[in-house]
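Which chain is which? They are A, B, C, D and E, in the order written, and residues in each are numbered from 1.
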Amino acid sequence: MRTIKFLLKRLALSLIVLFGLSVMIFILGRVVPGDPARMSLGANAPQETVDRMRQQMHLDEPLVVQYGYWFSGIIQGDFGKSLYTKRPVIVDLTEFFPATLELVIFSGLLMGLGGLILGIISTKFNNTWVDNIIRIVSYLGVVTPSFVFAIIFLLIFGYLWPIFPTMGRLSQYLSFPPNHTGLLLIDSLIAGEWETFWNGFSHIILPAIALALGGMSQEARITRSSMLDNMSKDYILSHRAYGIPEKKIFYKYLLKPSLIPTVTVFGLDFAVLFGNAFLVEMVFNWPGLSRYGINVMLQKDLNAISAVIILLGAIFVLMNIVTDLVVSFLDPRIQLAD
Amino acid sequence: MKSNKFTFWKENVGRSWYKFSRNKLSVIGLTLFILLILAAILAPLITPYPKHAGNFVDLITGSQAPDARHLMGTDIYGRDMFSRIIFALRPALLMGIMVLAIVVPIGTILGLIAGYYKGKFGDHIIMRLTDVFLGLPPLILALAVSSILKPTLTNSMIAVSVAFWPWYSRLVYNMVISIKNEHYVISSELLGESRVHILFREILPNCLSPIFTKMTLDFGWVIIMTASLSFVGLGEQPPDPSLGTMVAEGARLLPDKWWVAIYPAFTIVLLVLSLNLIGDGVRDMFTATEE
Amino acid sequence: LAYAKVVKRDKSVVFSAVWPPQLDPAVGQGFGSAICYANIYDSIIFPQSDGTTTNHLAENIIVSADGLVYDITLKKGVKFHNGDELQAEDVVFSMNRIKTIGEGFGYLFIPTVKAISSDGPYQVKIELNKAFGPFLATLVNLYILNEDQVMAHINPDGLYGEFGDYGKEWLITNDAGSGPYMVTEMRIQEHLIAERFVDYWAGFDANNPDKFIFIGTAEPVTIRVMMGKRELEISDQWQSEESFGALDKIKGVDLVKFLSGSTLGIQLNTKRAPTDDVHVRRALAYIMDYEGIIKGVYPGASRLVSPVSLLMPGSDPTIVGYDTNLAKAEAELKLSKYYGKFDEYPVDICWAAEWVTADKMALLFQASAAKIGVKVNIAKQPWAKMISDVSNMETTAHANILTIGPHYGEAGTFISRYLSSSCGTWEQTEWLQDPEIDQMIYDALGTVDDKERYKKYSIIEHKILDICPTIFLVDVLEKHAYQAEYLEWGVAKSKAIPVQGYNIYMRDMKIFPERAKK
Amino acid sequence: MGDNYLLKVEDLTVDYKVYGGYLKVLDGVNFYVKHNERVGIIGETGCGKTTTMKSILRLQANNAIFRKGKITVGDQDILKMNDKNFHAFRKKGLAMIFQEPMIALNPVFTIGQQIEDVIYHASDTKLSKAELKQKAREVIASVSLPDADRILSNYPFQLSGGMRQRICIALAISMAQKLLIADEPTTALDVTIQAQILELIDQISKQKKMSLILITHSLGLTRNTTDRMYVMYAGSMIESCSTKQLYENPLHPYTIGLLKSIPRLTGGEFSNGIPGRLPDYMNPQPGCRFQNRCTKVMDICRRQKPSEIEVEPEHYVACFLFDQKGDKQ
Amino acid sequence: MKDLDFIKIENVKKYFPIGNDLFVKALDGIDLEINKGETVGLVGESGSGKSTLAYTLMGMYEPTDGKISFKNENIGLKAQKRDLSIKKEMQIVFQDPSGSLNPRRVISNILSRPLLLHKIVPKNELKAKLIELLDSVELPQEYLYKYTPSIGGGEKQLIAIARAIAAHPEFLILDEPTSSLDVSVQGKIINTLMKLKKELNLTYLFITHDMSLMRNVADRIAIMYLGKIMELATTREFFENPLHPYTKMLLSSIPVVSAEEEKLLPKEIKSSGEIPSPVNLPEGCRFITRCPYAKEICETKEPELTEREPGHWSRCYY
């Protein structure tokens, strides 16, 4: 009951935030210089064609009116047409979002699990060479942008040791399974196409790791430091004094409270993955939303830009809510009411 | 009185240093950072070809592998990589400092106000605005801003700042919410202190520790973020050397002309790494326990 | 570093170009789209490497003496991909469609074509508004769609009245052509797959590729890896010199280079101080390090001396342009009213930030100008910003580095760039606005006789060189890396075709996968 | 010394490493607890009580440095045992109630989970889920808390301080043990609750026939609950005697000062406390650590550390006022 | 009894909403008068609302209901709305000295704020005044340049007291000023407070749960239980003739150090039972869950605070 109330309240707040976001994006989009119609049609396009397109996009009307058109479209799920792909933005989103989603989910899993495991090992072997190595490696992970990883992986697995495919979601000799969810791996399982599944799986590994490494290092560091923090808490002492074996203290009584900051950071990092994915998508020719987002940004494709950002904003907001829920589950002291 | 004050500071600095230096990595980080700063300041003196940091092109000697004359090789324009990297430390450091100088005060003040007036109108406005900005992926936000403004160092600072401030207001907000209920804040209220005094003299000093820690970590992030901006063509103008641009351009030359990307990338990593290590130390410095 | 050897599986050609290709010939005009049109659609005439054209769908074309009426007889028995026969109505439909929609290559036909009509299933008549010498050359870009098929797929909720959306939506991922290849899969942002159309009227060589796959990436490392793994047969042309160098080193991979017909130059704003002074412009042209650019930036390319690419029919090979000459530059500068005041009048140079290679030229320009005391500020911009800047004379930078591509395979395309009507777009950032030149250009374009027209072009070229609105740099060399080991590509042996898209023409290629097996 | 000693701590010396050097906190602690004996240790905050107890349970902080000393429990020298053996040994023998009930329970697990785990590991046989639950209920009931099921399903923050403290006690005594160490078990609690808790500890220790160490800095609390007392000051025991003796005839100037500074229900002025504060642990002056606060300080106090002297039967005090030999030197 | 209306608290209630239409009834109708120059002791278990009463007096909370006046002026307002002159007259010393001093401000800063704010001294005499202040709580002047985390708890509390008296208030609330400290320093603080009271003619509201301490400092004592006053009497009366069972329970729980004291304690009642939550108070008498004498009437109707003997009030049917 309390959870539901909390959810409703948070969702309402999120709508306000998304509305604010839409206003901002809209304004930002319109003040960015450059005539989108002209850009899309080329230098030689006759003025009438350009004018027609401008009219179609309501570019000649006052900002408020433009916003009105745009917003009422959004309410009806119509994000307008993309100048980049020439088709309704919503079609683009439904096509590209699953690709990114699949990548990000996979990457998020790696990030969470990998970070956690590294953090735990690092705590376990605190102040030994294992710990130091993990710490330094995770520093490197945090400070190296994901596109550098992407390039390095591509070189390693393209030149030196070509065990993974390096391009796209699926090898060209295979065709996509019937579309149910847009998630290739899931669709291929539904269709029972093992080869497709396996092929898709091997395609996703490299980009996912490249994308995950930064966050993974971050998680590892956070997990380590919160575990070390909690290690000196009185309740750990009392668990010891009450004769609970070290192993259990470590993996149960220490781990759970220490997960709280990790989860919080994970939530944010996960949302950020969507934004960070673009360079990785570019390098791996991944037909995803982030790459689409950057392309449309560079082409000043207003409708598409707004839609992408609203979508990413919604994901961010959603992740925040999910994070809060998980944290409140981990930490009973946290009251959801606020 | 003077000597009192002096011993008091000496003691404080000493204790902070003890906590900071307990972790050897932090000391290494600090040393590294100081070295990099020195290198940046002394760039014209320690680089073999200071001219190459400016308006210089010699396409004929471009893309030479590292050798005795060019320790880190030359780039495709025939400029000495080593000299350019050292000079590029200047805008990188400047960028970090300037962005933080913009972002921290703004974020902090907004966070202070929103936190102190939690539940009031101002709080809602500020925090929802913060959420809006947080909701945008920072890189995308920075991209959007940079595409409005000309790609210059100053403007990429502004762009990165726009994406960064909300993190500080959030951080400070959460701290203020708990600090404002401390009895020392309440005492000041009961005494009749002004809001300004309470916010800036009573509450703010107690928020500094996480702010400082976050600042050291973000310093590195700012540099990475500018590098990412350069990767899509937004950043400093040539011929000014910029680490991010060097990596972005060099990445296209991998692996054959590895030195063009690897050395600047390594420098970024070194710089950011040193700051992260310092950040850890700063956090230790502010923690109460002596363990 | 060792490259992995991967066995080539089938007779497909994979190539990369900038995304997205538009499958609808009334919408797209970019490089990627042009490749698709050339391979998927048929046009009435077909360009040749010597700059002339041959009949393609046309059996025969008769031009009236005044150059206003074109009577076209179509070949019989040409089949669309769905089996329908291509007839005159389809040509009429395609022309009307592109004129109505107005996008893509529509600008070629809207001002010139007055009416088009069919006279029987194989007779088409086109009437022009006024005589236009290069008209035949523009017909290369009129691709014929299957009227019935398009009309069967229109979305009635569109801008074009009874035609609804004119089938635009359907054509995003489908084709309605009759060309040698037909689209089988279009995944936006990922790849386009087209397979041989077995019923193609002109037939195939047995070793022509069975299918081609268009992928949309230009990331250098990605391209390198794919070439190395033989997952890519032909690279895109936008790789940097260094990238091409590296690609060339891959065993079995060669570079193919040909004049693309594009020209590269620095356009000077003739209306803003100090480049409003012809002496300053000439001085800048004299100081430019042409050799440096060709050696350092475009190795193997040839120097461009006039507005027109030497590849184009109608270009004048006798023209001599500006050379690098410090003394002359200084002399010109002394004549200028800004002499000695260049600190107050710096020259801003602008180019699209996305275009990495231009950095080199800008830096060279800056370094050269410094030799005669002209101060150059660098102001590269994202493409979008640059476009909006050049739409206004005051915000147009003093110097803009731009590549100009031909709209059709004839010198007139480069000459007509200097018309006042081009101002405000990136086609002309010089803001010349000279009525005399305008008049000369109109006159030339309206001349039907080729020889006469070419002579008029030459006079205009000389005039432009004299007022020096543009520093001409390079006749752009298009380069691609390709798998020479098992792919035979006609362009590699003979001259290229001066029309966009036609050099990656699958029927011009033969693939021998077995040669790759080692 | 006979076999009657359950716990014997000899010359325990422990430092903490901190900024600027070492805090020489424990300065040769000597004390013993007999079987079935209830011992009180009092001393001002910061004098090293908790440090001593943590050393006995081998739960020292990371920066604690063991200098010398010997701790025997029964006949085992626990500082010589390896971790595993000690772990098993501690489980069977020693239990401790921690100072702060707020932080001694894990905040993110229910009381039930925590108690059941302790029982599970304390018992020799493998218990089923239901048995565990039953035992947990019994444990809750043993500290006279009503509504065991609700409490078991609650998180620590949902309970009052008094309840939490009782649960800590319940946890400590749910293990079979010989010695219960209660480190200021009531500091955070109200007088009425405090009385209840002490009563409970008293009762249970008697019932289970185990020894008890009750640590506090309030002299009032030990009076009814203990048989014998130690007064600790700045890292060593300065006085030890039966509880009765301590209240009736305190000898050490510190003890006297302490007793004087307690406000009495009988009213009347009470003293200004003991002026000054604990010595600087980093650079303690040589000699008696109480010298700077002592009203009867003598020359020798500044030179030499006093040793324990038996002034009356079973009444030891570490002060030169009572050391004739020392006086003469 | 001197000025009758120094501080007058009439039927003051303070309910804290905790959602779902529930309230913590921290104060549930308090009536109390404090006369100039006296020390009123306020005793009660944790959570009984002692601090809430203090905070409401200080203006940290606005009372939900009831009237508070200071020298006949209404002060049932939040501090922000009160006159600066009233703020000057009332000060508070909190229980936890660490929490009530800003750890990141130097003591000289902490102490000079009230002086400057209420314009007690001109700027040039500030330092002398600060030293005088430290002197009055018997701390050396070196302390001016220390941060509070580096000094001991007792000294911190002395600084807090110095700050509280800096502006020369008339009325001082002491909210358990020594309960977090050792007995060895408690004496000094209490003696300092008593000395100051005499010197500056202060009036104290002294909150504590240490009955022995109360015995030594208070003129009158009020016992609180779950937001209500249960018994109010002069100190003597209170110890010699406690009327309310809760008082007796409290007294019997006091840990004492001598036999004489033990004799003073009521024997017949032993502490037992749990305190009900202040959200769900029992109907009738709120002490019923722990009262050994509870009768039927106690379950249904709450007793009134009645004057059983002159100046001795109790809220019990017996």
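Note that in this section a contact is a pair of C-beta atoms (placed from the backbone, for glycine too) under 8 Å apart; a residue touches a chain by one contact, two chains touch by 3 or more.
Quantities reported herein were computed from a predicted structural model and do not represent experimental measurements.
Chemist: Tell me which chains count as touching both subunit B and subunit E.
Modeler: Both-contact set = D.
Chemist: How short can a chain-to-chain path be from subunit C to subunit E, counted in steps between touching chains?
Modeler: Minimum step count, subunit C to subunit E: 2.
Chemist: Taking the mean of the CA coordinates per chain, how far is subunit D from subunit E in Å?
Modeler: Measuring from centre to centre gives 32 Å for this pair.
Chemist: With chain centres taken as the means of their Cα atoms, state the distance from subunit A to subunit C in Å.
Modeler: 38
Chemist: For subunit A versus subunit D, what separation do you get between their C-alpha means, in angstrom?
Modeler: Here subunit A and subunit D have centroids separated by 54 Å.
Chemist: What is the distance, in whole Å, between the centres of subunit A and subunit E, each centre taken as the mean of its C-alpha atoms?
Modeler: 55
Chemist: Could you list which residues of subunit A touch at least two other chains?
Modeler: Within subunit A, residues 32-33, 151, 155, 159, 232, 298, 300 contact more than one other chain.
Chemist: Would you give the residues of subunit C that are in contact with at least 2 other chains, written as numbers and ranges?
Modeler: 1, 219, 221, 354, 382, 384-385 - these are the residues of subunit C that touch more than one other chain.
Chemist: Residues of subunit B that contact two or more other chains, please.
Modeler: Correct list: 147, 232, 251, 254-255, 291.
Chemist: Could you please write down every pair of chains that are in touch?
Modeler: A-B, A-C, A-D, B-C, B-D, B-E, D-E
Chemist: Within the complex, which stretch of subunit D touches subunit B?
Modeler: Those residues of subunit D that touch subunit B are 16, 18-20, 61-63.
Chemist: For a test of understanding, state which residues of subunit E touch subunit B in their complex under the given definition.
Modeler: Those residues of subunit E that touch subunit B are 58-60, 79-80, 84, 87-88, 90-92, 94, 96, 99-105, 113-114, 117-118, 142, 144-147, 149-150, 163, 167.
Chemist: Applying the document's contact rule, which stretches of subunit C touch subunit B when the two form their complex?
Modeler: Residues in contact with subunit B: 1, 219-221, 240-243, 245-246, 249, 292, 295-297, 353-354, 356, 359-360, 362-364, 366-367, 370, 378-382, 384-385.
Chemist: Please output the residues of subunit B touching subunit D within their complex, sorted ascending.
Modeler: Result: residues 14-15, 18-19, 290-291 of subunit B touch subunit D.
Chemist: Quick one: in the complex, what on subunit B touches subunit E?
Modeler: Residue list for subunit B touching subunit E: 1, 4-5, 8, 11-12, 182-193, 201-202, 205-206, 208, 288.
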